[in-house]
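Think of it as A, B, C, D and E in the order they're written, each chain with its own count starting at 1.
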């Protein structure tokens, strides 16, 4: 029985590979490191290496390897870099937080790196199996991170809910993959598309469509698409705050990366437009439900959770019309803008969160803007950006995705998106109101440390700059999008 | 290529950043720095006055064009230019800002640096709105103006400031996003990968870009929403009394003085130019709303006991005239509307200043708490009277010139007609009713114990009011140069919309 | 013959599944599930997948279910973990939805005018035992599916660390 | 010569303005301010007189072309309005009246305002007023006329509200301004219409082309209406406002709350006459529309009669004069409506002189009686203030139309026109009413003189004294004027008629000189004398207390109540307009705006908040319910996809 | 030969039973078992399809699913043990401190 070694171009999975290797080493090295800050710094180094691993291939022809399982194109690299950025900032935020909350364990950073690698694989995957396993991989990592504050009850509850929900959703996802496989005989995204192109009957097969629906659901729950979002607020609230921030930024990026691959490569609009309207309705629901629910929140983490649901809806607007020129760029642009902004917002929460299990309410922000000018200003910038106020990144992002949606023929989606972003402005403004326009009831402590402030400042700066540099940022991801299909 | 407009637009923001970040600026110094800075900006804008060789009033087209590609992928340009329509509003903005900053010398004593910085940032936003010729750039400035204003009301405002500022923000924001959708629609429909307004208009004129009639009307309405709320046109006005009442004096002045004008400006610049057919179609309806606003605002102002609220409702009424002038869709109406925007900025701005002065003295704005000011504060009252009369529309003062011109426009407009002018004139009567009622209660009457020891106007306050009053009188007696500078642009615009005079 | 075997096995697996869901005792549920796994393993055999059938029995019915039983015993939670019911109306709704779901499936598989699942005569006819033979599986795993395979290894590593982290009793500086 | 004329005309206006500015910024002393103001006004009169003479030196047909444009006022595309003045015979006589009578009033004020709290301000207003009035009559276009029109409104507001500590002054000032505004509304509408029809507002463009309006109609809710009538009617609204005619007349009696000399200037001699001036100026339009002209006549005559009847029932010395003014304005408006434009202007001029005299006389009385205005508290002042008495008597005779005083000539011309007929026909009923009104006039004036000067002083709590020379001299001058001013249009010579001819030629509105009717003259004078005699019998030499009831109460009953309460016009207005207006304002402010319009806005926000809270109920915290929702989503999505292709 | 449809229907049935279990049972351990049942039924469908296409891909997928399930169970049970330590319950309905 002959054995043909597979064609393995490790460059195609360069960044995740580097991270996995580095994380494994770090896991071992950590045992001998007393100061966990060192571990954190080493993790940052690993991230830098991972980012660097993609540099030589940026702007090149896409490379496909591992029997078509993995791809390296600019989209993947962009996702990698976004993830590196997010993870790095998360690490900056975590260092002191973990210590203060007395949950400092060296394993945190390797698990974070492993999870990040898994997320990167979502961007590199070109096969439903690869995507499924990557998704499970990152899910397990996130379960661990969510429950990292063991034995805090909320942390445990978050992990538990996430895990049950995730496993439940995984069942649907794998069933969807099974059905797709059943009708097309393949799990390779590009081949699926070829089959669909070739076979008219296939395109109207209910089994295929049900499979597609299950795929959308299976990935959609990860990005908190309504009505598959209900885990989000509880998990975000209960998880250690840096993890919440990380989840809101990185998991979304990864989930959207996978959705992009699935929808864009396997079910292109020109072949199978039927999912568009479905996804558009879900996007509208996501925007509305997320924003409306956030209005009634008083706990800031829950509010940010619902806000992240809403933003998933905004990003979906671009996905709905992904066939439009510039859609992928806009999509990624939004993911970047959103990731930076949301992460920054969580960082401010981190800076203010006391040790223990107290709920952190919006009212606790009172007077922050004057007590901590930099922190307050940064938070204000994040909130305005999330609300979509120019000239911040969030505005440009919204403009791009709504323009894409409009161009794709979904003007009503853009309209709903715009109106729901007005609703969103209400609760974002409430944060600013509390920070600047109310006097504090009691002198609140804050825990601003250098790494945290650095992270916040970095995020804020990027949020401001991204808007003005919209063109370069768009070009960053725009080079080879078409070729990656 | 010259950079005059860019300098005017960005200089204030630079000042704001300096105020925020430069170390060691005391509150006291911050006021001075801001004042000097705004004066510099004003000085920089002075060359725009016709006759200095920068702005040529004999040309209808955009002038002093600055255009640089910005977001190439989507054809967004950094594109500034000025023409007769925006010229005076630009100058009004640069003129009012130093006065407004001067008004903070007495009235703002907390977080001064932030206040002045927001004020300057706001100026950049407003100027940007007036000068941007790229739809997208315009929108950015348009939305950006909300932010500093939001903070100004929210931080330094009265007791219900938070409600007021959130309402202000959300209401305007909600309406503006509709405009964003319309802008996106225009971009997509045109398909030329450009947001440039002049280019788009050119394409429309040459027939390269035609809009379906129904769609154009919808888009018109989307723009209408944004501008109508900003103006504010009845019945979209309800944010204004709250915002005005709660805003600090400086905020009210700039809000009434410039921000509201951006709505009217937007109508002229965008609705009229982009959708001439829809403008004609909707002109009577908007005219009706404008007239209702004129009467309604005046009527309701009469029932107010809060002076600021009264002035706020008077703005609703006065801006109704502006809308009437705009949708007369003829050169006279447009002339009047633009001049009336300037006038309202001067008069109502001054009115808010005047109200602020007694608020500083008494810390109340309740009309019933005053009386007999004419006796204890004669100079103050005299100036107030002038301003009130300007607001009432007394001939020989600026308000009359604008309102009368608008009325001539509306009366002879083929889209409106004499009924609109007649009902609009009712508003003129009512203006006298509520303003004189206020004047009677506040300035006339016997001195009460509370008002007996009030100080007459200070030199600082006089410095604020005198330039305003000088312009009020100047425009009242000799508005011709103001009209002439806008004449070419306005006439060209009006001619592009359709017939300008009703058949006799 | 084959059909008869299928039907019998199917009935057993479904019955075991239902019994698992209905059992009040968690240990019983686990045992019913084991039975279900066995039934599925038989179906695997019917489907020319002997290797998977073995894996099913050893990994699923063996390792995983033993782990389940172990935890049930450890926590003593075979009974009495269901007193609190926060959602009394949940069960009927769930049943209705389940029926709808099965109906959709039935429609898609059998009724739909475009039956995409019809056994493709050529392919099915030649279906042989060889496709599921261990060597075939191995070849695929280490060639085509090398990447997922490697990912799986990392996934297991993460799960391992996670299991440790989530239950570690004491840690440095633990004050909580 | 003509150049000189051109430079003089702006000076007429600028002089009082300069006076006002000097007083405003440089003068703090009341007496000095009075002198400066008077000087400015006198200078203006001198300039005006010079200009008048120069104008008279021009050939007949050139007299209507003295047109000076200072600068382009409004330059808004098609709307071109100059800041320009027209010095034609009509404006010339108006200028002389305004500056002439104005000067005397200024001088008188120096004395009268000597003890006032704010004399400087007063003189500023006075000068401003003169300037505004001059702009009104000198404007060469309607918009500039409107500037003066509203300018005098403002100044009257300021003057009425001069002693703003007094409640009635505050209210009266506002009432005056607002009522004037209502009238201005009509005038402005007329101006708008004129522009729309003619594309210009200049008299020089409009009047020669006024004939174009014939046959033009507009359709509106009341059916087709002639454009000329519409325009004229709108103007008429303006006239009723400014000249205190029905229905906008109630502000004028209240306006007596201002300082008495101001009343003399504004509410007697000049400002209120601008309505008459407007009709005469716009005769080219009015002659096109007999219907509106007739309406004007009826309004005038009704006002004349009603106001005269009210004057009978008043106790306030100034209020009697005020109603007399309203009544006399009714005469003028009626004359103007009939097309007897010269008669209207003639009466305007004579009335300007003798009404100023009467008001100043009343001022002198009030001044001498230490601010007492109630005639019941006076009586017998003849001895204390003889100069005032005699001059006042002259004024009374003039007003009552006693030969040979000025009022006789001018009133007679109006009544004569009514009977003799004009281009619109004869008005015998109107003429009769006017004669009766004239008799009433003699009655109430004699009543006043009797109550104030004759008999004995009923209230001795004050010591009455004669006013100083600076006040009495103007009285004497005006008394003389009351005698001679009637000569300017004396039958047979008709100086005024011929002087104004060029003005009316433009629209071919020159009328035939009215033949003098001795019968009519004798009847009117006899009636007036009879009425005066009755009044004298009733009111003189009685031993009343200071709170007596008028004896007419006994004879006239409710009618006298009606006189006394001004036919309840204010109450009716209050109930019909003011209260509903206030109630509506309150409703809009308290209910409609916050709950209706803003309620929708806040309601939308509340709805979102409600949605948010409602959603929180769904987010139960039970993972099982989350999975249930998940499953619902699955069913929905699969339901769609399962059946998406079947359709 | 038994048609693929039958297998798919069977797997759908089993899957739905598993779903019902997740939705109705409150003992976290039984919920996990129900999830395993769901995954198992998906596997059945995969293997059936594998036969249909006559290649091994579906079976490989099944293999991965089993592995993933195992890993998930490991983490999940560890978490359950942890929760049991702090709360003395495995009833999912008692784990609801966060809501709204």
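Everything that follows uses one rule, which is that a residue touches a chain if its C-beta (ideal position, glycine included) is under 8 Å from a C-beta of that chain, and two chains touch if they have at least 3 such contacts.
Quick caveat, the model's predicted, so the values are computed rather than measured.
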Moving step by step between touching chains, how few steps can get you from chain B to chain C? 2
Looking at the contacts, which chains touch chain B and chain E alike? A, D
Could you name the chain whose Cα mean is nearest to the mean of all protein Cα atoms here? B
Quick one: name the chains whose C-beta contact count is the highest of any pair. C-E
Centroid from C-alpha atoms only, then distance chain C to chain E, rounded to Å. What do you get? 5
Taking the mean of the CA coordinates per chain, how far is chain A from chain B in Å? 43
What whole-Å value do you get for the distance between chain D and chain E if each is reduced to the mean of its CA atoms? 95
Taking the mean of the C-alpha atoms as each chain's centre, how many Å separate chain B from chain D? 36
By the touch rule stated above, which residues of chain C touch at least two different other chains? 86-87, 90, 94, 97, 101, 104-105, 107-109, 112, 114, 117, 144-145, 148, 152, 155, 158-159, 162, 164, 166-167
Can you tell me which residues of chain E touch two or more of the remaining chains? 4, 8, 18-19, 22-24, 26, 28, 32, 48, 52-53, 55, 57, 60, 64, 68, 71-72, 75, 79-80, 82, 85, 92-93, 95-100
At which residue positions does chain B touch at least two other chains? 170
On the basis of the stated criterion, which chains touch which? Give every pair. A-B, A-C, A-D, A-E, B-D, C-D, C-E, D-E
Interfacial residue positions of chain D with respect to chain C in the complex: 620-622, 624-625, 628, 631-632, 634-635, 638-639, 642, 645-646
Under the stated contact criterion, what part of chain A meets chain C in this complex? 1, 3-6, 8, 13, 20, 24, 27, 66-67, 69-70, 102-105, 107, 110-111, 114-115, 117-118, 121, 127, 129-130, 133-134, 136-137, 140-141, 143-144, 147-148, 150-152, 159, 182-183, 201-202, 204-208, 210, 356
Under the stated contact criterion, what part of chain D meets chain B in this complex? 71-79, 83, 121, 143, 146-147, 149-151, 154, 157, 161, 164-165, 167, 170-171, 173-174, 177-178, 181-182, 184-185, 188-189, 192-193, 195-197, 216, 218, 220, 581-582, 584-586, 588-590, 593, 597-598, 601, 605
Parts of chain C lying in touch with chain D, wherever the complex brings them together: 86-87, 90, 93-94, 97, 100-101, 104, 107-108, 112-114
Mind pulling up the chain B residues that touch chain D in the complex? 167, 170-171, 235, 237-239, 296, 299-300, 302-304, 331-332, 335-336, 339, 372, 374-375, 378, 389, 394-396, 400-401, 404-405, 407-409, 411-412, 418-419, 421-422, 425-426, 428-429, 432-433, 436-437, 440, 443-446, 477-480, 483-484, 487, 490-491, 494, 500-502, 504
